[in-house]
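Presented below is the structure to which this report refers.
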Amino acid sequence: MAEAPEQIPGERSARGAGTDSSMGRPPLSIAESVGKGRTLRGDAWRRLRKNRLAVAGLVWVAIMVLLAVSADLWVPRYLGDPVDIDTTQAASQSLQPPSWDHLLGTDRMSRDIASRIIYGARASLLVGAVAVGIMLVIGLVMGAVAAYYGGIWDSIIMRAADIFLAFPYVLFAIVLVGVMGGGSPTNVFLAIGLLGWPGIARIFRGSVLAVRENEYVDAARAMGASTPRILFRHIMPNAIAPLVVYATMSIGVAILAEAALSFLGMGVQPPAPSWGGMLSEARGYLFTAPWLMVYPGIGILTTVLAFVLLGDGLRDALDVRKKE
Amino acid sequence: MVRTRKPALYGIIPALLLTGVLLAMTACGQEPTTSTTAAGGEIQKGGTLVYQIGNPSFIEPTQAFESEGIEIVQAVFDSLVQFDYLTNELAPDVAASWEANEDASVWTFHLSGESTFHNGRKVTAADFKYAWERICDPVNKSNISYHLSAVKGFDEMGEGAATELSGVKAIDDETLEVTLSYGYGDFEYVVGHPCLCPIPKEEVEKDAAAFALKPIGNGPFMVSEPWAASRYVRVVKYPDYKGTQPNIDGVEFKIFEDVETAYLGFQAGSIDSTQIPPGNVNAAKTAYGVSPDGYTSNPGAQVQLGPELAIYYMLLNNEAEPFDDPDVRRAVSLAINRQAICDIVHEGVRKPADSFIPPGVAGYVPEAWAYSKYDVEAAKEHLAKAGYPDGAGFPIIKLSFNSGPGHEDIMTLVQADLKAIGVTAEFDVSDAPTYWDKVQNGNYQIGRSGWGADYPIIDSFVYSNLASTSADNFANYNNPALDEVITAARQIKATDERIKKYEEAVAMAGEDCPVVPITFYAHSRVGSARLHDFVHGGLGMSDFVSCWLEGAAAQ
Amino acid sequence: MPPLMEVDDLRMHFFTRDGVVKAVDGVSFALEAGQTLGMVGESGSGKSVTALSLMRLVPEPPGKVVSGDIRFKGESILRMSEKEQGRLRGDRIAMIFQDPMTSLNPVHRIGRQIAEPLRLHKGASKKEAWGAAVELLAQVGIPQPAERAWDYPHEFSGGMRQRAMIAMALACDPEVLIADEPTTALDVTIQAQILELMREIQARTGSAIIMISHDLGVVADIADHVLVMYAGKAVEFGAADEVFCRPLHPYTWGLLESLPRHDADDGGRLSPIKGQPPSLINLPSGCAFSPRCAYATERCCSEAPHLVEIDSGHSSACHFSADKDFLNRSPHSATGKL
Amino acid sequence: MLAYIARRVVQMIPVFIGITVILFLIRSPAIVPGDPVRMIVGERAISQALYDQVVKENALDKPLYYQYGRYLTRLVQGDLGDSYQLKRPVTHILFEKLPNTLKLALVALLIETVIGLAAGILSAVKKYSFWDMLVTLSTAILVSVPVFWLGMGLQVLFGVKFKQWGLPYLPVYDMTSRDFSTVVHFIMPGFTLASASMAYAARITRSQLLEVMGQDYMRTAAAKGLSRRDVIWKHGMKNAMIPVVTFLGMDLGAMVGGTILTEMVFNWPGVGLEIYNAIQLRDWPIVTGGVIVIVFMVMIINLIVDISYAFLDPRIRYTKAVK
């Protein structure tokens, strides 16, 4: 995803017209003025709920999280262990097509695919959450420092952001993990997190700059509020909507990146299950055992799609200016 | 993934079996003939055979160190002697005859005088000397100089103290005399290696870079256009070749980063010979028919699953606890369910290893290594004997290996087997260079390796891996008594007697169990339906001379 | 001979997810050649939608003409094909929009934008059209028109852009010129200049003008007839001096009250109409103005009044417009302060 | 305008230097484990003299800043060093591959532009219709699908299954083969590489066009008597396309850098694959050299996009020139 160029001066937002309260508003906005008066958050939630695709995304994410979190409680017992093998039995249980015993079949090592997919979801969601967490922490600090202190700090940090944005994402993730040594989850988190911060920093910096000059911030400062307090009490609420949208989308991107790394053998290491790794194993069985390829791919697709739809829905609901 | 590019060895040497390439497998060539070969039988001339290879680093003989490069060298160059593709027997090539002195330390080769380079010049003894010195010259940083380590003057040259191999003398155009630092009865096999061929000095000195991309050799095929990086190397038959002329017009060595993609291409009909990726062997057997001997592909019997002269084994660090105790090593060896590995990972193509020497190498004795079998109870006993009843008190072990799905699968099974005797092993995965670095520096507990024969001799396995003086003895096994036996064996000129001595050495080592043999390699390849009499031998080389393509000439 | 432009009981409704918005709900008027009709009302009263309906520029859906007709020289615009409508637009009927900042295409040169209708309707060549555009720019008072024609809109000031818009509307000598709040977005001094320009143009070309404004003052200056709209309906219609001097509808009273008066004793204090315009989805029952009307009775809340001619050519939609006593309660009674 | 270009170029310099610093550091022994001499010479036993010679040749005994200076100086002269593994200049190796990557990226850009714009325009013009829904959903799916999975699926379906079913089929890998013309080889990898991008292009086209269609000047155009089609094409497109063209340009850069997975699945001999293989072999000169070449290409492409953007949008031309 290439970053859009700087906003065109005077360019209007895609949906700005709808909330324009000046006289002589365009005819279509008449209806939109009906039913005001709820809180912004409540309003957003209401709009989100109306978006069926976004709700589907939310439900799917919730299901995945639930499966991943509860896996240890029931998956090994009912579906089979995702890692352990009994080598004396393995040969006869290898590559079973889907059946009642193994809902999604077994892989070559005789392990249950459903079990591995659920544990793979855990790996994917963990990477998504932790990497985005890292990206948020770095991005917020960088963005806040750049905007709040301005001057040389701003230049340095924004230049650094440019440098990171100049790197092609997937390529650099692969190189970074390659350098740090593949196979360590920490390195995967770090690589994806390190690459994502400039987006967050830019958004947050923009929000800070927009609010910093406001009088109420001056007032707060005059009353002796500390900088972090100002940031979090006054600026954060304004920045939260675009950040939520960006972070939601980023989880999807991070999951895709992790899958790619695992596919290349540089992400989560076998025997621990991961969707990318399972696809890599499945390459040899495109014809003889296609279910190996189908389900992990569907896992990635649906989960990332869920985050994308949810992010889209949130953007519309929170009325965030389109940033593509 | 990783498995595809040669990787592996980055520099490592010898015949370490290149990870991916060798992940190959065997299946029994035992199925009785199901089809008569060569429909029609009439040999047709012409056509270009499309042959899958991995991405080579080098295709010129003085640098080629991976099988993909060596296969091209094999087609383009001829060495002093050659091995029969099917039987691995030694036969004359550029050298018509040769003899050795009493202790096998001085060898004299008599060239037939018929071989010419593709530029038309006659091959002389000096061309061998030039080529070999180029291999050994440290400036060229060649990874294959180890082939010549027995030659007198090798060390001096490697250290930069000498500019020529003092042991190699071109007595005249047709006589090459090689003096070794020690007696080495197998040296006649060593010079059969494809990369120890002659090279034309004038071409190299004219433009070494061009030579690297379009080597000029003396073999049945000549490179027709410079190597298209990552895409192909094209060779056509050399019209003035004095040996047997190929039936086909040429070979396109098509470069693939991974076997899966190549196999898709094969199924789509644009490749004549490829490896079969893991997981497809059984389907391929049904679809294309199995070659009765495992080496020869003919229409309807296209799947080649013949054993290769190579072994996959676990390295145990003999120098460090707990594997300095032979009983612990024996326990590990007995714990591993080799049949499961063969069945699951290799689809029954490879066979469980019962010795460190693969069948097909003269000197293989079945079940020579008593601990190389699956016996959980015995494993537990040995573990108890070593002071760890049921694994109690046994430290958590690191299972190190280079990444790649093939290894991962095997290690997953090994891990499960070790767990069954109470030993907990954790994975320690790294990329190939890092892994080999660890292994060479002894920074590991259990590792893996593969070893394939450069030349079909038992010494290649025994000396390199088990002698304490060998640089490739990664298990750090040190048995002075064994070293003596090996040294004695190397100097025996009579082949049978020499092999007997090596068998003795193998038995000695087996008792100590310094490494854990897992499987004997076999390749798993498939040829197209238009390809006849195509042999891919146990040394991993394909014979492009005797094969022929049906209907290709008409195209 | 039919009037130049005739609107007959036009109802333009928007069908939205939240309900049907009756933006224009029964508006009728006639416009003769050379005349000026003023349309006034607050935001959302339906005057802009009416104007856009005349041009057939209301997006459909969600908009839909549910009844009524619009005739140009006796011919129904509604029944014309897209193509015929296109031939009318910009040629016979032209429109000037409210916001000159956004109504010009930022990526095309001013000259080209003005020339476009000529190329389209008159089949002018590029060169001819450009020359005509420069001339039009001169006519609307742009200095150095030959150079400025090469400018992009962002290089023009607001007033100049509105002049350019007017030039564009005038390009084909339209018979009807619809001006939708042409001065609202402009500075007061510029407003006057633009109005002056429009008057001049009308004098010169004799085209009919429909002038839409929320500002009675603007309309008063220029209009022959005035149509007052509230909640999608015409509530008062009549000759301009009639409506200003003897307004019949309490809503018109309110509008006049909210004008800054120059002669007032109280120092020009404004008295705006209380309350908000109603939602067009849920109109109050009875008279739509009743919730805000100081004079509303029970009848007003239950029975919707119709537009009735009170004096000749002066109609009102109030139950009490015919009631002399009622009219006397008007702040404008008798004297007609304007 | 020249001043603008000059300023953009000057702005690129610190970014480029920053990138070289990062890439220098990740190949230096301070970060990468292992003896650099060993990496260069391989695992052969070598004499101390040769070892010292390698150290000296590569300035490994000098402090880090000196090594960086040396590295940068050579880089500016177009020298990226020699590959450890292939023992040839990295520039030679990369420039053999770069055209293949560029060709693939350009084909993908073409596919992206045609399909992305068509879908975006269709869904904007027929807003809320079945087609709009279809485009919206399929773009969401395309951005979510792992490219390697998509590539594998296409190979199996169009390469192998189609052939088995006797339908016209596509080559599954590489750039040339005896059965197909070169152009045909680009179809599947081009589509795979373009998949996510075309979805973004469609979405941006749609949102830009919708935004533009709500603009007042579109109504102005309609009021002049232009047909709906002419309004969209003559007045809407140029406005809507400015951001889209910018996106496409930037995306070309992104695709040049993002070919690695596609190249891998389709055995495409490009820079991405070369870098991936070099990572496996720890051949750092190729890895860092490859990344530098790609980043440099991306920066150049972005610069060109920036400049052409200024030409496309009169407002930018004006405001930037004034600054």
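A, B, C and D are the chain letters, set down in written order, and residue numbers restart from 1 in every chain.
Here is the rule we go by: a contact is a pair of C-beta atoms (placed from the backbone, for glycine too) under 8 Å apart; a residue touches a chain by one contact, two chains touch by 3 or more.
Treat the numbers as computed from the prediction; the structure is a model and nothing was measured.
Comparing each chain's Cα centroid with the centroid of every protein Cα atom identifies chain D as the most central. Comparing mean CA positions across the assembly, the chain most remote from chain B is C. A straight line joining the Cα centres of chain B and chain C is 91 Å long. If you average the CA atoms of chain A and of chain C, the two centres end up 51 Å from each other.
Remark: chain A and chain D have CA centroids separated by 22 Å (rounded to whole angstrom).
Centroids built from CA atoms put chain D at 39 Å from chain B. In chain A, the positions touching at least two other chains are 10, 12, 178, 181, 263-264, 283, 286-287.
Residue positions of chain D touching 2 or more other chains, listed in rising order: 33, 155-156, 160, 215, 242, 264, 279-280, 313, 315. Residue positions of chain B touching 2 or more other chains: 1-2, 258, 264, 431, 434. Within the complex formed with chain A, the residues of chain B that make contact are 1-2, 258, 260, 264, 277-280, 282-283, 337, 339-340, 343-345, 403-405, 408-409, 412-413, 415-417, 419-420, 427, 429-431, 434.
The residues of chain A lying in touch with chain D in their complex are 1-5, 8-10, 12, 14, 17, 26, 53, 159-160, 162-163, 166-172, 174-176, 178-179, 181, 252, 256, 259-260, 263-264, 276, 279, 283, 286-287, 293, 297, 300-302, 304-305, 308-309, 312, 322, 324. Residues of chain A that touch chain B in their complex: 83-88, 90-91, 94, 108-110, 178, 181-183, 263-266, 269-271, 280-281, 283-289. Chain contact summary for the complex, chain C toward chain D: residues 52, 55, 57, 82-83, 86-91, 94-95, 97, 99, 102-108, 116-117, 120-121, 152, 154-155, 165, 168-169.
On the side of chain D, the complex with chain C involves touching residues 215-217, 219-228, 235, 238-239, 242, 312-315, 318.
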